[in-house]
Amino acid sequence: MSMLYEFEGKLLFKDSKIPIPRIKIYTDTESIKQFAEEIGSDTMMAKGQALAGGRGKAGLIKKVTTETAEEYSKSIIGRDHKGKPVAAVMLEELVEITKEYYLALMLDNKSGSYLMLASTMGGVDIEEVAENHPTEIHRTLLPIDTNPQTYHFMELGKKMGFKAKTLTQFASICVKMLKMAIKHDLTLVEINPLVTTPDDKLIAADSKVVIDGNSYFRQPSIAALQSQRDQHTKLEFEATQAGISYVQLDGDIGIIAGGAGLSMATCDLLEFYGSSPANFLDVGGGANDEKVYKALELISKMDIKGIFVNFFAGITRCDDVARGVVSANKKLNIKVPIVIRMIGTKDTEGIKILEENGIHAYNKMEPSAKKIVELVKGGN
Amino acid sequence: MAVLLDKSTKVIVQGMTGKQGSFHAKSMIDYGTQIVAGVTPGKGGQEVFGVPIYDTMKEAVEATQATASVVFIPAPFVYSAALEAIDSGINLLTIITEGVPIRDTARIRRRVHEQNITLVGPNCPGLITPGETKIGIIPGAICSKGNVGIVSRSGTLTYEIIHNLTLSGYGQSTCIGLGGDPVRGIDFKESLRLFEQDPDTKHIVLVGEIGGTGEQEAAQLVKEEISKPVYGFIAGNGTWVKPGKQMGHAGAIVHGKSGTAQEKLRILNEAGILTAHTPSEIPNKIKETM
Amino acid sequence: MAVLLDKSTKVIVQGMTGKQGSFHAKSMIDYGTQIVAGVTPGKGGQEVFGVPIYDTMKEAVEATQATASVVFIPAPFVYSAALEAIDSGINLLTIITEGVPIRDTARIRRRVHEQNITLVGPNCPGLITPGETKIGIIPGAICSKGNVGIVSRSGTLTYEIIHNLTLSGYGQSTCIGLGGDPVRGIDFKESLRLFEQDPDTKHIVLVGEIGGTGEQEAAQLVKEEISKPVYGFIAGNGTWVKPGKQMGHAGAIVHGKSGTAQEKLRILNEAGILTAHTPSEIPNKIKETM
Amino acid sequence: MSMLYEFEGKLLFKDSKIPIPRIKIYTDTESIKQFAEEIGSDTMMAKGQALAGGRGKAGLIKKVTTETAEEYSKSIIGRDHKGKPVAAVMLEELVEITKEYYLALMLDNKSGSYLMLASTMGGVDIEEVAENHPTEIHRTLLPIDTNPQTYHFMELGKKMGFKAKTLTQFASICVKMLKMAIKHDLTLVEINPLVTTPDDKLIAADSKVVIDGNSYFRQPSIAALQSQRDQHTKLEFEATQAGISYVQLDGDIGIIAGGAGLSMATCDLLEFYGSSPANFLDVGGGANDEKVYKALELISKMDIKGIFVNFFAGITRCDDVARGVVSANKKLNIKVPIVIRMIGTKDTEGIKILEENGIHAYNKMEPSAKKIVELVKGGN
């Protein structure tokens, strides 16, 4: 799962013939002049591009002129917004808006179908609408292998109060969203707000597009975008490249585990015993010594007070894990305490390798979690 | 006979000539599973561990009367392999492969529902009926025959829990690994119903995690239909979890309140499910109810 | 009640606000057809000839309980319109439009078979039950009520034959225009069965042409199931026909021996069908059998 | 329905990743040299491109060398082959063939499904195989909305005797043919022969591809090819451009009719009464005076002895037809006898217009057909 920037989503909309305002990415003074000429106006919107919501409230969206656009753009580029950087500024023509709507297509996990959600309350947080005005959200569910046609969305459009050409345009936009989702393996295509103009035309004023990360093998162009995308957290990018699931957290103990559920349970345990995880890290099934080494290299770059390695080896071999740990311990010059727990395939061999190198290993999860917490606390 | 599979179940391995497929086929055979055929297009006529390989599922099913297949095939080819399995007439399809596009899984699931086939997975460790047979990759050595049914969204965490149960003297009837993807085949609800009907199952352990609403739906079902004691564990129950961040599993991601472990635990408790904070607490909870 | 339609049949016109749609809707209304609604997306709420227009087929069917629709919509949009009609619950769908891609027709036909709906066309003149009602574009003035059932792959040639029958005093029970495309909805066989069961039909006229094998299948059916006298005419029975060349209709093309008019006539004769060489011969053949 | 040239079909194969030999269209001496260099050989096949079968027997396919290629190409370009011109010469690398097969995908009219036909008797006329060796033809029927997978074709491949990698390659070629047919609205994709090479690989040695003419609106690139394609019969091209169905025949009487069935029946009648049609011509439903004029203009360019116009007007208006005839009669200086029959919508008005201009009109089809035959015979 990964999100596209607003402008990337809008370019996909454009390809799919979903109407959007004219846009241009700010690069220099010249780009602002060119855009002003193109839209025939000195006034425009400048929208900071960041992969998190609430940009308006955070002051990342502003009406600017050819005079003020550059200064404003420079002032927000690179700024942190909810942990994500403002990567660029998109210039956009002003659109005269008569009303704002919400429209989203998602692959609904529960039903395994496509779900089109629409609301007359647009431009606001849809979860709030769902909580406070549930009857203002209208739904159309479509089978996953549907071949979308405009008539599938006419009823939804009528519930939204659309009539005549606006109604058929609405249905047509819905069809295009679904075709776009099918073509690009998108799990979410959200337009909030979808706006009407004084001549009753619909325009996508914002975009939120999420692609299924599992589909990169058949979406090469989007996958290429995404490989840059993940760079915003350097360690997370490095982890992804190494095939490791890694999430940076704020705690004291760096963890390495095999398996997502076990990795979560490991984080839980550290907290349960009074400390906190510095990261989530799942090396995945069948990890070899190199991957374990890479994982240790990753977490050794963080400011941590201890390391906890936790493996219940099924496909993974404990001797591999042990070799990775030993090699990392030698080369990376790790100075914080490490506790290693391993059990399962080749655990005897693994523990032997570790002990030959002076590292003590446990085979029960809970006592070993307690141990690292003690070591870290003692070290304070 | 526990649920879904027992020693009479004949199993075909799709992708048996591959590295993963052959490794786990061997381990299943060693455990006692009736691996009756392998399928790899273009390798029909070969043998692996004495098991015949066929070019198509149709031939393999016709030759062996197998009723189950397990897929060890790279993600891009899973959709086609699953469709082939569905068309071949088997009634239990287990997909171990991780990284299957969600749309592919959803389309497979739709076909599976139409044909009344049980799908387990994808991105799952499979199933085991200890002492009898297993389909997938759950290590047989940590299991023991008994009357605890386990259903879990996790892999290694499930092993942890099974192991704790085994060490405490609680054997298992069947363990079902649902898989870590947001769209999956069989879910908690269907599994609970199977365990409820199974005379060999006396206790049911439900291992959930953050994301989705499968655990909540299960809790509702427990209130309405399940008479056997149910124990719950939810991974990601600490305060460290960051909303919007995927924790390893594609399905382990919190959006809003409903996907949090805290909310899930609350609803599980409300439904009378005994929840544990650590894996080793689960056998203790079972002891307490006896 | 003749076959497929009578004066009680309520009909929706898809594309009624268009040039073709409104022209022929008017002519149907004038003939007595119960045109209860028109459908044009985005034009709901309007009226044409006093008939209400709806945005969707679903609304139109709910409001009027119509059981039939007729499509006057440009070829690129016929697939979607037909699917909408199928989903709306009608049971007789007539597509007049020419130039529908064959793949679209085949997909429509598959859906129609699944839902047990009768499809007439595409690229056809439609149907008429003289003196009662008509769906499509067959000129009412040349028809008269009677007991000859007509089923034809052609348009104007059918008018020619109807006219000859009318002038000779042979009225028609129902005339069905199957359409000139190679893949079509209802064919000769289904039409013959309907006429066989219809007490108002005493004679059946089959108007075929070169290409395809619909006439041959019909002949087989006549031998096995049809007790009423059947008369046949095949367009393209001269030696002038060039194999591999399409004669106007997409379906009128001879590949190999089986699609020739000579072969069709031979098989029709063999099945006891009285064949005519010119349109005016048909009433004479009927006279001879009486 | 219209056919592509072999080389166009092969280029579509290449796009769909169906293996073909290397090919190049002969243009000049240089093109031969370049191709010889590309394939690393002085020997190659030269294949005349014409839209009819039996090119081999007609001497349009020949093994040539860099020395002889040009002379041979020049000698066959433009030659008539079963009424179609040899439009170009395609150079093709020699392929070492171990066996020839037949493989074709068609949209089967009767079932409305896709039908894959395969035979181990390749390189010969498949209708002969069907007649004399029906058991040598194997079939796989697939629903029209199928999403083709290789496993759908493994059984067919086994019946053909393929094994191991050749078997999977065969199934994969079948999938590609079907995807290609769906993508481009093809009604026939025929490979005859499909050949095996000494390393057991399959290659499409020939191509016959037919596209559904009704799909041109969504197949712009193929439609563009086709508009040139039809030029080979100038009158047929002109007719197509005017929306008229026209087929050139060899008889004496030019005909114009409204409706395909009626037009065929008209041709039949002329023959029945002892003459012969010079053409098939259907102006289609709702023809106006301009279209009737155009139709008369077309047939007046042929060497004919008489003209028969036959309308049973439903949507068409007889007064329009009459106006078209009158105007053509004046401007085109038609010297052969014309017989006009019209009945139906506005026939009284039509007949009046004709008679005011001194043209007699009939309203019954058979007497009028007899009349034109008499006039033509009398005129001999």
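Think of it as A, B, C and D in the order they're written, each chain with its own count starting at 1.
Everything below uses one rule, namely that contacts are C-beta pairs under 8 Å (C-beta built on N, C-alpha and C of every residue); 3 or more make two chains touch, one makes a residue touch a chain.
No experiment lies behind these values; they were computed from the predicted model shown.
*Asks:* So which has more C-beta pairs touching, A-B or A-C?
*Replies:* Result: the pair with more contacts is A-B.
*Asks:* Can you work out the whole-Å distance between the CA centroids of chain A and chain C?
*Replies:* Centre separation, chain A to chain C: 57 Å.
*Asks:* Could you tell me the distance, in whole angstrom, between the mean C-alpha positions of chain C and chain D?
*Replies:* 27
*Asks:* Report the inter-centroid distance (CA atoms only) between chain A and chain D in whole Å.
*Replies:* 54
*Asks:* Out of chain D, which residues touch more than one other chain, so two or more?
*Replies:* none
*Asks:* Residues touching two or more other chains, restricted to chain C: which are they?
*Replies:* None at all.
*Asks:* Draw the chains as points, connect those that touch, then say whether the picture is a line, ring, star, complete or other.
*Replies:* Shape of the chain contacts: a ring, since each chain touches exactly two and the loop closes.
*Asks:* In their complex, what parts of chain B are in touch with chain D?
*Replies:* Against chain D, the touching part of chain B is residues 41-45, 55-58, 80, 83-84, 87.
*Asks:* State the interface residues of chain A toward chain C in the complex, per the touch definition above.
*Replies:* Its residues touching chain C are 149-151, 154-155, 158, 163-165, 167-168, 171.
*Asks:* Using the touch definition up top, name the residues of chain B that touch chain A in the complex.
*Replies:* Spelled out, the residues of chain B in touch with chain A are 23, 75-76, 98-103, 105-107, 109-110, 125, 137-139, 142, 152-160, 163, 180, 182-183, 207, 209-210, 212-213, 233, 235-242, 245-253, 256, 277-280.
*Asks:* Quick check: in the complex, which residue numbers of chain A touch chain B?
*Replies:* Residue list for chain A touching chain B: 1, 107, 109-110, 112-113, 127, 143-145, 182, 185, 187, 212-215, 217-218, 245, 247, 249-251, 257-265, 267-272, 276-277, 280, 282, 284-285, 311-312, 314-315, 343-345, 365-366.
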